[in-house]
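Chain IDs A, B, C, D, E and F follow the sequence of writing; residue 1 opens each chain.
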Amino acid sequence: MSLTKPVEYADASPEVRAVYDDIMATRKVGAVNNFWKVLACDPALLRRTWEEVRDVMAPGALDPLTKELIYIAVSATNNCEYCSHSHTASARRQGMTDAMFAEVLAVTALANKTNRLANGFRVDVDPAFKPSFG
Amino acid sequence: MSLTKPVEYADASPEVRAVYDDIMATRKVGAVNNFWKVLACDPALLRRTWEEVRDVMAPGALDPLTKELIYIAVSATNNCEYCSHSHTASARRQGMTDAMFAEVLAVTALANKTNRLANGFRVDVDPAFKPSFG
Amino acid sequence: MSLTKPVEYADASPEVRAVYDDIMATRKVGAVNNFWKVLACDPALLRRTWEEVRDVMAPGALDPLTKELIYIAVSATNNCEYCSHSHTASARRQGMTDAMFAEVLAVTALANKTNRLANGFRVDVDPAFKPSFG
Amino acid sequence: MSLTKPVEYADASPEVRAVYDDIMATRKVGAVNNFWKVLACDPALLRRTWEEVRDVMAPGALDPLTKELIYIAVSATNNCEYCSHSHTASARRQGMTDAMFAEVLAVTALANKTNRLANGFRVDVDPAFKPSFG
Amino acid sequence: MSLTKPVEYADASPEVRAVYDDIMATRKVGAVNNFWKVLACDPALLRRTWEEVRDVMAPGALDPLTKELIYIAVSATNNCEYCSHSHTASARRQGMTDAMFAEVLAVTALANKTNRLANGFRVDVDPAFKPSFG
Amino acid sequence: MSLTKPVEYADASPEVRAVYDDIMATRKVGAVNNFWKVLACDPALLRRTWEEVRDVMAPGALDPLTKELIYIAVSATNNCEYCSHSHTASARRQGMTDAMFAEVLAVTALANKTNRLANGFRVDVDPAFKPSFG
């Protein structure tokens, strides 16, 4: 049970409803998921977070599915149960197969491993990796 | 300065040289970077880690550049300076532009943010996100 | 179910009971919560941890509610379900409103985001931020 | 050296300059720090991040100094060198003393400790901590 | 419920069965636990991960119980519920007592605490700690 | 440069000197390292932290070297440069060889990897791992 009371559409203020409406219209779904209902305890936090998700996850230099894969990798690294569920579901809707999902986690696991080897041994950064802007 | 002495090719055992040779041949480069020289203090760790990097990062259900982007996202989340440098350099060699790099970090930052909102509010996972294997 | 057996007051040694008594007297409550019952498997760990909590969370240069807000921020960052629940409950008893709770998590989420932008881009620390003790 | 080239005011586009101008006006300073110059490689990321920092860190249910203390706690937990420096400097400008700073870190350290005790022993959440919204 | 369907022995391919057989023979048990059944959605990931666990956790410069204690410490730090359960069970089978378990977590908690004090205060590394390979 | 001014013995208050004296006597060394000099800005934090380090790291159910190995594993996981240096130096003084150090980090890296596989796939804990206290 969440630590603040979720706000249902029927009980929502006009400001919150406007965000819920934009979420449903953008995603072409008939309801919003629990994350948004809980954020709605602070309408400014709800609006700001939704607008960031909407804009950052839109097509850009990277396609939306690649962005979802990155989201899954970070959520597994941080152990966010909610985000692992929601973004795995979202990625599957956009075409992620079991094989792709397993590879995302294989890379995520490998990076978590070598991050600790590099940090534990305190490996010096090779000069060749440093960018040259000149 | 790293916490064990890096092993240069000239000083390496045949077992270590064999790994160095495979790294250079696979990557078509003339030397190995510091990470491998430090791991060489334990030849079994060196060989095992290299074979995993080589196999996991090869083309599969995901292309190599997408895998590098995931590596960057995890390394930024864990704050691994070495891996941030080495995988950003590697991704650029494979075609990552500044715009793509900024989007990787924008998604990474957003995921780190919403992971804490979901965990801090203890949002319940929506039943709709649960997979049905039936 | 916890990984060691919780120690109930009726079954506790005098050393453990003395800590339980101090917790109940300090907090003006009639029982100790599960965290302390589990730590009681190691009486020295129980006593040391309780004394640190009691002393660090007492009024000082910062007031107790501000300290609870910091505890919530760290627990959300690390995803500690137990501590998120216990310290949110404690902060509410000390006057934290829903609006304050939402702001704690909004700042926590923002810091988790910009921490990864600063680390992912490897931004150099501005010389002006360095302290001058001279 | 950062992984993308910092954008100086003289070289900035009108869109980037508008953000820099707002930062300098809001903070009453004559230049922007490195963090913003690096984010400027992606003007949308720069604008979105600045507006969030400006709005979230403004006075609200919590005062700005309390928000800076939370920022310090999260940045120490995540080990962000840049953010530790910039937000410690910012908090000092707003009145944080050495005694307050030490207490922020003492609480942060304690929370990081008990988070691992609760997670390592897998302590069950007491029913009394669960919120009742009824 | 896991995010991919666990693969039971009866339904497994020859490649997966070969790994399951090696796990059961090495550990002298009659079934494999859920972790392996879930990894089996990607037979290469299953095989690679098992071989690493088998080889890294075998007796070497460190004995197997010491390695399990380190596993518990890392899993508590990262808050991995599954690994905390499985490696605590494994360590108990190898002789870990309640007193040893409590000390592992006491050291883990202390390290998590002092890690944040060192990082939050940005303490300079003493030159005396730097290795001299010369 | 640290964020508070280190306190040298010559400038220390009697309360701080008493802790420094106990550190030097316990460790049989002629000076204290930077970590303690920085904590000395808050004498209560200095004393409390030192007493915890002294008592937790003393011989108990686990020997001191095993405790140092756990400290190294946690510090590599959290990326604490200071603690990686100081506890690697301390473990070497107590007999840790390069082979042991490499194995500590190999286990640490493996645990960081499987923690993310278990969390990313959301593997269910096997009932057999649950303790039975009955």
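As a convention for this text, a residue touches a chain if its C-beta (ideal position, glycine included) is under 8 Å from a C-beta of that chain, and two chains touch if they have at least 3 such contacts.
In this text, all values refer to a predicted model and were calculated from it rather than measured experimentally.
A.B. asks: Using only Cα atoms to place each chain's centre, name the chain farthest from subunit A.
C.D. replies: Looking at centroid distances, F is the chain farthest away.
A.B. asks: So, comparing C-alpha centroids, which chain is the farthest one from subunit E?
C.D. replies: It is D.
A.B. asks: Between subunit B and subunit D, tell me the centre distance in angstrom, where each centre is the average of that chain's C-alpha atoms.
C.D. replies: 27
A.B. asks: For subunit B and subunit E, let me know how many angstrom lie between their CA-based centres, rounded off.
C.D. replies: That gives a centre separation of 20 Å.
A.B. asks: Which residues of subunit A are in contact with two or more other chains?
C.D. replies: Those would be 1-4, 45, 49, 52, 56, 75, 77-81, 84-85, 88, 99, 102-106, 108-110, 112-115, 117, 119-122, 130-131.
A.B. asks: Per the contact definition, I'd like the list of subunit D residues that touch subunit C in the complex.
C.D. replies: Contacts found on subunit D: 1-4, 33-35, 38-39, 45, 49, 52-53, 56-57, 60-62, 66-67, 69-71, 73-75, 77-78, 80-83, 85-89, 97, 99-100, 102-104, 106-108, 110-115, 117-126, 128-131.
A.B. asks: Can you check the complex and tell me which residues of subunit D touch subunit B?
C.D. replies: For this pair, the touching residues of subunit D are 3-4, 41-42, 45, 49, 78-80.
A.B. asks: If we count contacts the way the header does, which residues on subunit D are in touch with subunit F in the complex?
C.D. replies: 79, 84-85, 88, 98-99, 101-103, 105-106, 109
A.B. asks: Inside the complex, what are the residues of subunit D that reach subunit A?
C.D. replies: Answer in residue numbers: 1-5, 44, 48, 52, 55-56, 130-131, 133.
A.B. asks: Any idea which subunit C residues touch subunit B in the complex?
C.D. replies: Where subunit C meets subunit B, its residues are 72, 75-77, 79, 81, 84-85, 104-105, 108-110, 112-117, 119-122.
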